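First subunit A sits with subunit B, and in the next complex the same chain sits with subunit C.
== the complex of A and B ==
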């Protein structure tokens, strides 16, 4: 009988991968894109890494994010070369070059986006427990992820209320900041107090190990991802040491 | 309910507070970067503007801090997210050092002094915005590389880090100034709204 409790294999909702593999993949993309200078072998490795998030986006059937990603990538790779000859050097330094640097940051941003979209808080906590990350770090992070949707909801409500009373617009940014941020913070602090009372009564801070029914574990697809990361890291260190 | 023996260690409620304010911090920081980062020259002054906006929530957060380690956790989480986003490791490394200094400043005032909280926030801002180092050096590298491959016509655009030595210290200083301004703004907002309403 296939129930949610028996299901130990990650499905499309988890990007077919273990959370630890996803974090490792994310770190590999981020570090190699960041440290590689786009010379030698890295000229071919970096575009390959840029394709990784695209493959996952297509696998997860998110065509619009994929189109957006490709569009942004094309803009950041071509726009600086078009702008470069027409601008003074200080503007090039502070603006055009920064767009070019975005090319390196885009793939890792997309990987992080995928990591958040496909990992639930419970799976994340289970993965962090098995990596022996201290609870003092994982608890705030899990609360943080739990809070992002709440912030959005609260902000939407406050924005509507303030629009209705015609308080604060883009013409008066200081007033807008004050009359939107302050009620938002008030609301969030009291929600936070409720949340912590409810979590503490459910034994949230118990010293025992947390149990879960999440599909955590390594399968062949994780092995493929690990081998891919290892190959990329080896090529990267070779190009760094030998100057390929 | 059994009282905890050592009141200096972080308990569940403190970790909740850290999580909530870290979420607010990251949302505001990322939104401010997305909105302001698009405007050409403002993108380098972003660290200043985001620090001013962040002053309000962070002053409320700092006024709730009574134990060692909460600021540190916030900036470690912030740095880790920046590393995973591919925006450089400086936010994590320099951020931890600056957060430690901020913690010590807060502790020297027994977590009571508002002026020390403003100073601590300004120092923490410098650490949190440290990944501008990566943007500046990356930008200079890109320009050098392009100029080298395009020939002498483009030699006028050659820029290395030493052409504009004031940029990096300037950004750090603007982050510090933004932190101070944001702290003052946060303090006055705190007095105007939060103390009056009895929230703190």
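== the complex of A and C ==
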């Protein structure tokens, strides 16, 4: 029978990559973007890293998000430098810091979202298992994978409920937060309980080694991604050590 | 083979469920047992004794012995029981782990460490026997409640257990999907599996169940062969606090019609390029209680959301007292009581909840108006209680009270009775009556024939996004709705 379980190679849906490669890429991009100071060689390396999420967005055929991403990135990198000379220094002091963080966090956050979007819970568990990472660590993370869409669903329902009551406008932010978070957390706790009951009755806590039907494995594209990451890491270390 | 001997169980945390006492039952292999009783009578607790969630997951005091396939549930771990007992739960949205249909079906097999080739074989068998080829390769969030329930069945079925335990699986399903669930159960029965099913809706199990256990106050009050159970009259079944299924006949007909009408014009909504809703013109009498009927996916929920002005892209005009209401403006006129009423309770006391968002100038006046509404809805004694400490029916009433306080004229109920027993269904019908005596117009989205019979005096039938039938209870319409409900 035709099923994704019988796939042997990662498809476009997985960005053609093994989950482990994606995690490595995500970590490399986040770390270098956030830890790099944008000086010396980093001035060239960081924009290159910012292109990585863009490539993936194009691979996933999400042109509009890609355009949005490029726009955001250009705004956060250029706008502050255009405005800086015309503003009082106290504003610059507050303003540039925020913008700098945005510039550097944008690609990292995008990478993280892409990782979540293109990796299924089963693939993630298979990847972690092959890296011999203990279940105690992988189970909570895999539940997190599973919970993002649920949170979105629950949140949408609560937002509708608030609209109907015409409560919780931005004028009163504390109230707005309370009205949103309290029902959201109550709902998620009960979903979480049901979910664990259902997973446990299906042998989730069995001490035997889990079989992973999901095919994971490295191909040439993974090698390319690995080499790319290694090069970036080496340049980053050199620029730190030698002040390139 | 399941043997329950003098079993008693009390939850450590009373919110988790109702206690059971002195339960004695032997269920031979291949028997299909229906567990019925009011909410809180202990039937879910009994089902948890068999699938081992008690005592492994829910903590409490267990006395007596429960043997499942010869194993004492006090001594085995849940994962050891998993290959023998498969469990399907009530809520379709909270029983999936992997979020994709294919991987979800094999999830249990993977957990217990079966060989990969075996798993793929099991996968093929399961998909074929449950006829779910069309659901493969999909995200679980894209499925309807009924489709999710089918995947839940497939996911436990793949382990080929001898015993299936189902806890109110049909609560969120429409009549068409219940038929499909019925087929799955029949195929399990034909394979000689033991099935334990706790349910409120009984009619669809008539051809499946061999034996009925009736629970009352935590005890098995009746243990009958199903034939003698079905011989009972509707009144007898209602007296037991259970839902009965008789030929649909409405209790309320509209009296001499007021001439005011509410008009819906050009209600349209599409998702991308797929049209979901297309209602050129619909007229309902003001003050009516309108049943909105139709299969899952026909567009009932979208209709309700457009009506309340929650869909930004929903087009159409609503004429109320000859004033037009377009799009978001309808939020000021309409209110929706959601299926999960917990989403719409925000405050720390009932009184606060009712006045929240209501446009009343002074505090004194607020208290007075709220007091009046609360007494009308029989909630005055709870005015200082936390909404979450109330029962389900009372919470629903709090939500209704807040709608009344903010002067909403049209109230939409989204499946208000899914998973409720007879007494609670009656309570909801009573709530609807009270609103109607306040002069509100109500739309009730429902799959529940007894609720429609108990409180609706008008109906709208939606099929593929358009209204195909609507009207008062003329004999033709009663016939039509009766036939629709009689499919199972």
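Criterion: the second predicted complex is superposed on the first by the 210 of 244 C-alpha atoms of A that agree within 3 Å, B and C clash if a C-alpha of one lies under 4 Å from a C-alpha of the other, contacts with A are read in each partner's own complex, and residues count from 1 in each chain.
Throughout what follows, contacts are C-beta pairs under 8 Å (C-beta built on N, C-alpha and C of every residue); 3 or more make two chains touch, one makes a residue touch a chain.
What you see is a predicted model, and the numbers here were worked out from it, not measured in a lab.
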| item | value |
| --- | --- |
| Touched partner set for A:67, first subunit B, second subunit C, both or neither | neither |
| Touching partner for A:231 - first (subunit B), second (subunit C), both, neither | neither |
| Partner chain in contact with A:33 - subunit B first, subunit C second, else both or neither | first |
| First (subunit B), second (subunit C), both or neither touched by A:160 | second |
| Partner chain in contact with A:51 - subunit B first, subunit C second, else both or neither | neither |
| Which of subunit B and subunit C A:182 touches, first, second, both or neither | both |
| Which superposed partner A:108 touches (first subunit B, second subunit C, both, neither) | first |
| Partner chain in contact with A:149 - subunit B first, subunit C second, else both or neither | second |
| Partner chain in contact with A:205 - subunit B first, subunit C second, else both or neither | both |
| Touching both subunit B and subunit C, residues of subunit A | 145-146, 178, 182, 186, 195-196, 199-200, 204-205 |
| Of all residues in subunit C, those that touch subunit A in their complex | 51-53, 56-57, 77-79, 81-83, 85-87, 89, 91, 93-100, 102-103, 106-116, 119-120, 123-124, 127-128, 133, 136-137, 141, 152, 155-156, 159, 305, 308, 310, 331-332, 334-336, 338, 340, 342-346, 356-357, 388, 402, 406 |
| Sites on subunit A touched by subunit C in the complex | 1-6, 120-122, 145-146, 149-150, 153-154, 157-158, 160-168, 178-179, 182-183, 186-187, 190-191, 194-214 |
| Complex contact set, residues of subunit B against subunit A | 10-13, 15-20, 22-24, 26-27, 40-41, 43-44, 53, 56-57, 60, 69, 73-74, 76-77, 81, 83-89, 134-135, 138-143, 145-146, 154, 156-159, 163-164, 167, 189, 193-194, 197, 199 |
| Residues on subunit A engaged by subunit B in the complex (per definition of touch) | 23, 26-27, 29-30, 33-34, 37-39, 80-81, 84-85, 89-98, 100-101, 104-105, 107-109, 111-112, 115, 135-137, 139-148, 151, 177-178, 181-182, 185-186, 188-189, 192, 195-196, 199-200, 204-205 |
